[in-house]
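Labels for the chains are A, B, C and D, by order of writing; each one numbers its residues from 1.
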Amino acid sequence: MYEKVKEYNYDPLIKNDEFLIIAGPCAVEDEDNLLKTARFLISRGIKYMRGGAFKPRTSPYTFQGLHVEGLEILKKVKEKTGIKVVVEIMDISQIPYYVENIDIIQVGARNMQNFSLLKALGKTNKPILLKRGFGSTIDEWLFATEYILNEGNPNIILCERGIRTFEPMTRNTLDISSVPIINGITKIPVMIDPSHSSGRSDLILPLSNAAAAVGASGIMVEIHDDPNFALSDKDETIDFNTFDELLDSVKTIVNAMKKKTI
Amino acid sequence: MYEKVKEYNYDPLIKNDEFLIIAGPCAVEDEDNLLKTARFLISRGIKYMRGGAFKPRTSPYTFQGLHVEGLEILKKVKEKTGIKVVVEIMDISQIPYYVENIDIIQVGARNMQNFSLLKALGKTNKPILLKRGFGSTIDEWLFATEYILNEGNPNIILCERGIRTFEPMTRNTLDISSVPIINGITKIPVMIDPSHSSGRSDLILPLSNAAAAVGASGIMVEIHDDPNFALSDKDETIDFNTFDELLDSVKTIVNAMKKKTI
Amino acid sequence: MYEKVKEYNYDPLIKNDEFLIIAGPCAVEDEDNLLKTARFLISRGIKYMRGGAFKPRTSPYTFQGLHVEGLEILKKVKEKTGIKVVVEIMDISQIPYYVENIDIIQVGARNMQNFSLLKALGKTNKPILLKRGFGSTIDEWLFATEYILNEGNPNIILCERGIRTFEPMTRNTLDISSVPIINGITKIPVMIDPSHSSGRSDLILPLSNAAAAVGASGIMVEIHDDPNFALSDKDETIDFNTFDELLDSVKTIVNAMKKKTI
Amino acid sequence: MYEKVKEYNYDPLIKNDEFLIIAGPCAVEDEDNLLKTARFLISRGIKYMRGGAFKPRTSPYTFQGLHVEGLEILKKVKEKTGIKVVVEIMDISQIPYYVENIDIIQVGARNMQNFSLLKALGKTNKPILLKRGFGSTIDEWLFATEYILNEGNPNIILCERGIRTFEPMTRNTLDISSVPIINGITKIPVMIDPSHSSGRSDLILPLSNAAAAVGASGIMVEIHDDPNFALSDKDETIDFNTFDELLDSVKTIVNAMKKKTI
């Protein structure tokens, strides 16, 4: 069993009365765009920006991210604005760079059971955001968490992002029940990613509301100043105005839950 | 396509700013118990009580409901207390009795594509609560709705109750995204049943909160004055005290959504 | 538990060394066509023809079968050719007609848990072909079988026709493992329907071969003299020439399994 | 699209009229055992033995394989018996050792979308056995194949090993339809792993028969001289006697398909 998950008694990265909002583009595209997004987020009180440099893509012929150039852009924007960054890691060899330059290291759905990577990240003391695999059970996800904990790193945030089902109207089916189930098992915070689970920009706001109400510790959403020009995931990306509406709406629910957004 | 669903322009049974709460036992067991539950619900401002007389059960050897005796008990409790009743129908032959004595006729998940039944109910003018089949897509559910509408009955409420997936920690996976998807397609109200979807009493409260926040038109929950003695579905049934907590919590979210509970 | 399924010790409708082939159109369309198909099948040694008169369809606006007219056509073709017919039943009210005129009464996937229907069929002594629901587990399927057995009718054939999964390349996912699983539990014969499970005419032959090799008691396939003009399910229907190829291929496997086709 | 998969015109590793049988223990345990198994397989005409040195396991506390010691044992057994070995790779860093010592490099289900690993293997000229991810569609699997092909390595064998579904009687649901679907798209050979898909030793024989009949290019099965003492996957492992029965049975089907086992 995942004993260390169950007996978790560290100070969690997101406190009981906090609701963390992470936002940003699917992939880092260029410095101007990212700078614009970072400044917009800071103006709204958002402290963490997501942004992918290496994109794991189904097809080898789809845009794969800017790679090292993307990481350099993230670094510059971070220096210029002070925003903190959440970036997906692809490989053990990237750990030293990420430990030095990234604030929260994301392990993507496809790597949830990349046990070599989990163990190596367990030897760092960096915050790890562990996404659920789209073909993985809650049990397997918590066992993957145990791999990190077992190596000594308690700085973990979980992130539900939907599972594979027969329903074709959404990219994946958001398993919202996983949040209260995990809240009943461990004090490790669990967020929701409404963008990747649904794949539909029109569902981001209501699913974010649901995340706040069900007891999630936060949301991670994809935004872009002009989603039509986003190089990846444009169907699930919202623009700045829609993000403002979302923020209003989510804050009302977060307040009703006697929490505050961070 | 389900044109009549899309172009629905009747006055829906649950208005835009309303959130309907239906509660009651899985199965009608005896008059005293049901009377107690009905009076408790009325004291909390709940106007609709659910209760099954015929229970569709996987095994022929499991308690199948009190049948006609159960319907008679429901009728008596209705007369004594004035509570309205929501009861599942099993067969076309029951329609005349239900039309006379039942306030909302429920079509269960296993009958969602019982097209003969849907067409016959479409010829009545009774409110129909159509649950989603656990193996059915949203599209199929809306086509089933079209079968009722097409016969002339616009008094429909939809109810999401979870779909079959590989995740074993819940009985079914609540597909919460179906609510905003349907809200974007039609004005027919859609509720959530957190009891049958999860099969776990500890998840009813957070999932009810999520239902209110995601834009559902209501919830239907299983309660029992002593869940340990419930003849069916005891694992997903909550007691009166827990229902009071749920009511407090849900009302806070409903208010934050600028709606009122009915 | 499904005790009567496990302890089944009747003489099964399909013997241990037999492999039953049922073929025919998805829906009965007109007498000429059906007569042509029946005569073709008889010339190939096939004794049972399938044909739907009432088609349960997702949309109310799709061709729903010829209803009573379809049943009459089936009756005539049966009289003229001596072929036996397998027809899906939709409702308890149809039982008397079916008992008199139909050789094998099919319960479709959507009605697998229509318990009123199962019980009523259990009171007849007609052969019942019970298809697996596309959202149902093997356990639920065997419990549905128990409903029929428990009323006294042991003349049952099971038919696997695929389950709902996330894979979009086939209409459903043929769960071929269900056949040896059921063979290990009961002596009730279990067939495979490669047409409805795959929804693709190019897969019928290889899946029929697999059915024979895995230990199924037979197959049920959709054929049409001109699939392009079939009123329903044209994508999964094969023509007479392809059926001849299939027959050659399947017989080779059936012989290798030391069985004979019937 | 996966153009290089579609236009594949290399000489495949398994010819059109061949059926490859790979067998061996889930995990390498000790030299004596493995030597015994290798000699048994050679006596039966089997040329390839599987054996895991690094086992990706859900829980960090389950037996994880003998690691480097396991690889050394495989090497010795290979030298002593001349059997060829199929071993799962876990990480890019292992490639040089595997290229030198392993005959077929297996990419496991959890690594099917480990794109860095796929690209690196595409730069070798070693035979790669690419298993389907249990949460992956056929399309995604073929795109993963394209990652390898695109780097220049055409020596690929695919292996279907089941997908996640709601059916709990098997560990995964063998998607047997994937074989004829892939046969219709590409000439890359596709095998079936009945052991991992079903997780049940009683299903290995019938599912192996089905594999041969459906047009698969081979099977990979887990065997152990005493399954009760196997350190992993004992429920899905068969003993030598059962393997002999399987071989008899499968060869009959393979012959009926006008192929020969290799």
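The working rule: a contact is a pair of C-beta atoms (placed from the backbone, for glycine too) under 8 Å apart; a residue touches a chain by one contact, two chains touch by 3 or more.
It should be emphasised that the depicted structure is a prediction, and the values quoted were computed from it without experimental measurement.
Any chain bridging chain C and chain D, meaning touching each of them, is among A, B; the list is complete. Of the two chain pairs shown, B-D and B-C, the one joined by more C-beta contacts is B-C. Between chain B and chain D, the centres computed from C-alpha atoms are 48 Å apart. Centre-to-centre, using mean CA coordinates, chain B is 34 Å away from chain C. Each of the following residues of chain A touches two or more other chains: 135, 139, 163-166, 168.
Contacts from chain D toward chain C in the complex involve residues 135, 137-139, 163-170, 173-181, 183-184, 197-198, 202-203, 206-207, 209-215, 252-253, 255-257. Chain A makes touch with chain D in their complex at residues 1-2, 56-60, 90-92, 110-111, 113-116, 119, 133-136, 139-140, 143, 146-147, 150, 163-164.
Against chain C, the residues of chain A that register as touching in their complex are 164-166, 168.
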